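Shared between the two complexes below is chain A, which has chain B as its partner in the first and chain C in the second.
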Partner chain A sequence: MLALNAISKRYGDVSVVEPLDLVIDEGEFFCILGSSGCGKTTLLRMIAGFDRPTAGRIMLDGVDITDVPPNHRDVNTVFQNYALFPHYRVYDNVAYGLKVRKTPEAEIRDRVAAALELVGLSGFERRMPAQLSGGQQQRVALARALINRPRLLLLDEPLSALDRKTGEQMRQELADLQARSGITFVFVTHNQAEALSMASRVAVMNRGVFEQCSTPFELYQRPQTRFVGDFVGSMNFFQGVVTEVSPDRLGVEVLGQSRIERRGASDLAPGDTVVFGLRPEQLRVSLLAPKDYENGFFGQIERTLFLGEATQLSVRLKSGERIDVKVPNYLMLEDKVMGLEQNEDVWVVWSKGSGVVLHA
Partner chain B sequence: MPEHRQALLGGRAEISILTLPPFVWLLVFFLVPVLILAALSFSPAGMTVEVFRTPSLEHYRQSLDPFYLGILLRSIGYAASATLITLLIAFPAAYFIASSPPRRQVWLLFLVFLPLWTNLLVRLYSFKIILGDNGLVNQLLQALSIVGEPLSLIYTPLAVVVGFVYWNLPYMIPPIYAALERMNPSLLEASMDLGASRAQTFRHVIVPASLPGVTTGVILCFVPTLGSFIVPDILGGPESMMVGNVIAAQFGQGLNWPFGSALATLLTLLVTVGVTLYIRYGEPGSTAAREARA
Partner chain C sequence: MSAQLGRRNDLGLGQGLALKLLTAFCMLLLLAPLVVLVVYAFNDSRQVTVWQGFSLKWFAVTLQDREIWFAFRNSLIIGGLNAVLATILGTMAALAIARHRFAGRQGFLNLLHYPVLLPEIIIGIALLVLFVLLDVPRGFGTVVAGHVTFSFPLVALLVLARVGAMSRTLEEASLDLGASRWQTYRFVILPALAPAIVSGVLFCFTLSLDDFVITLFTASPDVTTLPLKVYSMVKFGLTPVINVISVLLILFTLTVLLAIHWLQKEGPHQRWGIRLAGVMVAALAVLMATSIVAERRQETLVIANWADYIDPELLREFESSTGVRVIMTHFSSDEEMLAKVSFGRPGIDLAMATPVSMEILRKSGLIVPFDGERIPNLRYIDEDFRHLGSDPTGTYSVPYAYGLNGILYNTRMVEGPITSWWAMWDERYAGRLIMLNDMMEAFWLAHHLLGYRLQDQRLDHLDEAYALLKKQRPLLRKYESDLVNDMLLSHEAVMAQAWNGQAHKLSSEHPEYRFVVPEEGASLFIDSLVLLASAPNPDAAHRFIDFLLAPERSSQNMEAILYPMPNATARALLPPEIRDDTTIFPAGVDGKRLNIMSDPGDFRRQIQGRWERLLAE
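On to the complex of A and B.
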């Protein structure tokens, strides 16, 4: 439905968005995830029509809209700071798009009522924006955009100004709203939890390029680059060398002492240098040496960090490297993880199937 | 005043002490003279104690003479048209300044205020050079063969209004600039995003955002213009006399202070009532409009 063809943006010598291609399908909840300055907002502004791409074309339903001004695009935006008109009541804010298109008054009234009901704000018609909470302003901004029944709804970090609880509640509501309205959403955020919980597909953006574009599950379980593994969730990285490649097995030697086996075909050959990544929650600590379906490193607990639902242990390996292990807190005895003390010697253990092998 | 503000500023007694000097100043140099003027307007003749024994409404009766009412109406007409033209010039200027890069805004505002460094009298005399029969405008028009004979520009109502517009611009641009500068620029994008054209965005977003500044600017221009006597005195002819000239004459050559006082009191009342009504009902950002919305 929306296709970006080799679209890029430069400001003088500074490249903000490198030429990139993207196709978004009808009814998708597409998320662009990246840290500030990665080019995600610029990309969104080019789709909305506020910024002109330096090169490349934007196609909506097969029509080239690259040169179409924002007021003639069938695209609406929910702005980061909501950008509600402060001098208009909620009713007039929501009705704005219909009014400027000279919609009959009776139809406006019905559609505003329906839009406000959709976002759960019936009865707020006569309030001024300044009299609303952040979450309510957010809903007004949503209603104001959705009432125009756009082909595409763009959302620029809409939840980042809300407190955590309200933000989490809005995630659920946004996902529901998207499913009910059937409108294609393109959502920009720096918050990985928002991206993973709402999106049908996520593109991780870094320095103007897409590092990876896949479902949230794929993104988290099978990151394709070191950046993605580190940015989405967290990951321990090790240098490794490929020792064995067969259709159903990949052997990697890490830190010269452990043979790691992992399923998965790849274009690697024995002798290649690779990066091996393990998520902290894929690891556990043990006083016993690993069994034969497991791999393990031996080290000493250096530091513990209480996170609420889990505790993070930093274990210093014999080789000098540090590895983070996340242990669920249902395993706690008193306030110690499995009764373990700082400076105690432990095994860090994981199953041979865990971990990802990435190109160095 | 909210409690925390009061705590910050100190107790009620401290606030009273701090506000005492300006209060005394206004009492001595504003309120007392106004009251003396008002009392004087009821005096039968001259500045005497007679006013308390035999107060007279003679000067008010005289003020309502059609001749003086005509001058008052003309003054309102001049002030209104000068204010309107000033607004039409100041708005785009203020918009331009507000949408410039921040560093350039400082310089542009500096240029707006620059004329105030020179005395108004001097600046008005320069208009004689510009608008005179052999002035810049006429020479230019003749050089371009647009007119044969020089136009009589100086000493006309036109010259007076031009003078007023020039005088008022530094007072109209800053408040409108301040209002536009406070506006969230993403409101413009939101408006376009929702399908509004540039003209619709101007009408529905920019104009409402500018209204507090426009109100301030209009009052700052209209009120001094209505009572002005310097501008019509220097640039106007006999037929462009304004109420300010009449009042000034009563205190000067006419030596009829009670009549001048009556005119001045009437003018003050008129302005006070007018401005109050304007702030309350005059425009969409007014108190009444806000209350109606709430």
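On to the complex of A and C.
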């Protein structure tokens, strides 16, 4: 439905968005995830029509809209700070898009009522924006955009100004809203939890390029770059060398030990230098050496960090490297994880095949 | 950082108290003059610094003064037009700077500060020169153009500040929702800027209402505004009418400030601000509309005159009998009058001139002789006044009124009767004597008392005169022209050199004060009407003078302004209490002992140097 063809944006010598391609399908909840300054907002503004791409085309339903001004694009935006018109009541804010298109008054009334009901704000018509809470303003902004029944709804960090609880509650509502309205959402955020919980697909953006574009599950379980692995969740990384390649097996040597993994980039050849990644929650600590279906490193517990639902252990390996292990707290024994103490010697153990092998 | 600040504020009661006292002192400095001004508007006396009881009579006097009304109306029209034009231009400029990129944008932004940074007088002169070069006749249009020039940048800066504070995403949101650029301006930008724009309207109106300097340079004589009127009134000493006008202006300005203050706040106050502003704008619109309707084009006669120097009743009578509208333009010094009539196209018919200025005007061809046959009432002018030194043929001027310089003293505190100028050197009254703050009068008197003539222009005589004045200097309270009556009334001084017209204002209310023309003689001023070569309506000028010289009107006029006129027939018609008043018509005045001041030419510089030394002591 929306297609970006080799779209890019430069300001003078500074490249903000490198030429990139993207296709978004009808009804998707598409999320662009990245830290501030990665170019995600610029990308969104180009889709909305506020910024012109330096090169490349934007197609909506097969029509080139690159040169169409924002007011003639069938696209609406929910802004980060909501951008409600402070001098208009809720009703007039929501009605704005219909009013400027000269919609009949009776139709406006009905559709405003429906839009406010959709976001759960019936009865707030006569309030001024300043009299609303952040979450309520957010819903007004949503209603104001959705009332125009756009082909595409763009959301620019819409939850970042809300407190954590409200933000989490809104995630659920946004997902529901998207499902019920069937409108395609493009959602920009720096918050991986938002992206993973709502999106049907996530594009991770870094320095103007897409690092990876896939479902949240893929993204988390099979990161394709070191950046994605680190940015989405967290990951321990080690240098390694490929020792063996076969259709269902990949052998890697890490820290002088041979590891057998099943997953990894398929274009590797023996002798290639790679990065080997392990998520802290894929690991466990044990006083016993790994079984033959497991891999493991030996080290000493250096530090423990209580996180609430889990405890993070930092284990210093013999080789001097450090590895983080996240242990669920239901395994806690009288204030100590499985009775483990600081400075205790332990094995860090994982199932063969649960790590990822990435290009160096 | 903030912790440090917090500690500093908590240093103790001592500093808090000092800060409060300092604040109070600053407020006092700021407000004391205004409070005094307001309080004395309700004073019963005609003196401006001596309290005599509560009265509203000066409000009545002010509101009945037709020239104040004219000036007020002009101020309203100019202020209203300026408010509308400057606000439109200023808002457009602000939007252009804030929302568009164009060549010279930064330069344009910097230029907006020029009315704040440049002295007003330079803008005024620049405008005047421009209008004269372009041969644009001065009038409402030029004043409004001048006011717009200095006020629209202020609106632009005001609006610009608001645009800066306005999030740009509001515009984007509007475009995003399908609104066109125009709809975005109309529904989003302008409403968001409304408080700044309405403040701008009020601000411009107030600036325009208060402006003096630029109006002075760009106005034609028939466009006297309130500040110009007030300024010209000061010439004859401060009267409480000026306080009343000031009180009204202060009230208006405070209301505007309150409205602007409210407009800048969010919430319910803003709505009150908009209501208040709305009421004010509506009221001003109505006043302006009625003013413009009243301003029908008709035959006019423009006279440059001192303020309060003609009976307004006579003007009304002349207007209703001839259909010619008389417009007074006021000046407050001879030099100002000369500037007014000599530059560009002044549009003035008659001017009130002293012998000195008449001579200058005649030599530079700016005045023309009257046609005596069209003024039959010229025959009533006293023969002595018909052929004064500067107008030997008696055709260039028609003597209007004169005044005498003498001694005004408190009979209860000075051992009288006073008959000689030497009383002003009497050491018994040391520190309680006042001489006029007038260089030529002081040096003429000193020469005269020494038996010399100032017009001989001899340096040795000048030095002797200087020595005489220097001897007097320690005895003087000060050299003062404007507040002589007030200082006598408050007993700060007991005896003063004064003009009889001024003296009469005091002695008519307080009989213990007496005015005498000392036996040595005195200085005389005489004001004459002259006809400008560029007069647009010389016919009405002749008719007006003939009208004025009829004895019964001349008498009425004298009764109103209380200056003697050289018209013996008219004087005989005066009520006895005025005719016999020795202050208005001092006794024993012999023409030979009276001096008419003439221009000292280059000798003025010699006098000036010595005068400045006297003032410095």
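Structural remarks
Criterion: the second predicted complex is superposed on the first by the 354 of 360 C-alpha atoms of A that agree within 3 Å, B and C clash if a C-alpha of one lies under 4 Å from a C-alpha of the other, contacts with A are read in each partner's own complex, and residues count from 1 in each chain.
Basically, a contact is a pair of C-beta atoms (placed from the backbone, for glycine too) under 8 Å apart; a residue touches a chain by one contact, two chains touch by 3 or more.
Note that the coordinates shown come from a computational prediction; the quantities given were computed from them, not determined experimentally.
Considered on the superposed chain A, chain B and chain C are sterically incompatible, since they clash.
Once chain A of one complex is fitted onto chain A of the other, the partner contacts of A:148 extend to both chain B and chain C. When the shared chain is aligned, no partner comes close enough to touch A:137: not chain B, not chain C. In the superposition on chain A, A:89 makes contact with chain B only, not with chain C. When the two structures are aligned on the shared chain, A:178 is found in touch with neither chain B nor chain C. In the superposition on chain A, A:42 contacts neither chain B nor chain C. Judged by the touch definition given at the top, the superposed model places A:189 against neither chain B nor chain C.
In the superposition on chain A, chain A positions 48-50, 69-72, 75-77, 79, 81, 83-87, 96-97, 100-101, 144-145, 148 are in contact with chain B in one complex as well as with chain C in the other.
Contacts from chain B toward chain A in the complex involve residues 184, 186-187, 189-197, 200, 204-205, 208-209, 284-285, 293-294. Interface of chain C with chain A (complex): residues 167, 169-170, 172-180, 183, 187-188, 191-192, 194, 266.
Against chain C, the residues of chain A that register as touching in their complex are 48-50, 69-72, 75-77, 79, 81, 83-87, 96-97, 99-101, 130, 144-145, 148. For chain A in complex with chain B, the touching residues are 48-50, 69-72, 75-77, 79, 81, 83-87, 89, 96-97, 100-101, 126, 128, 144-145, 148.
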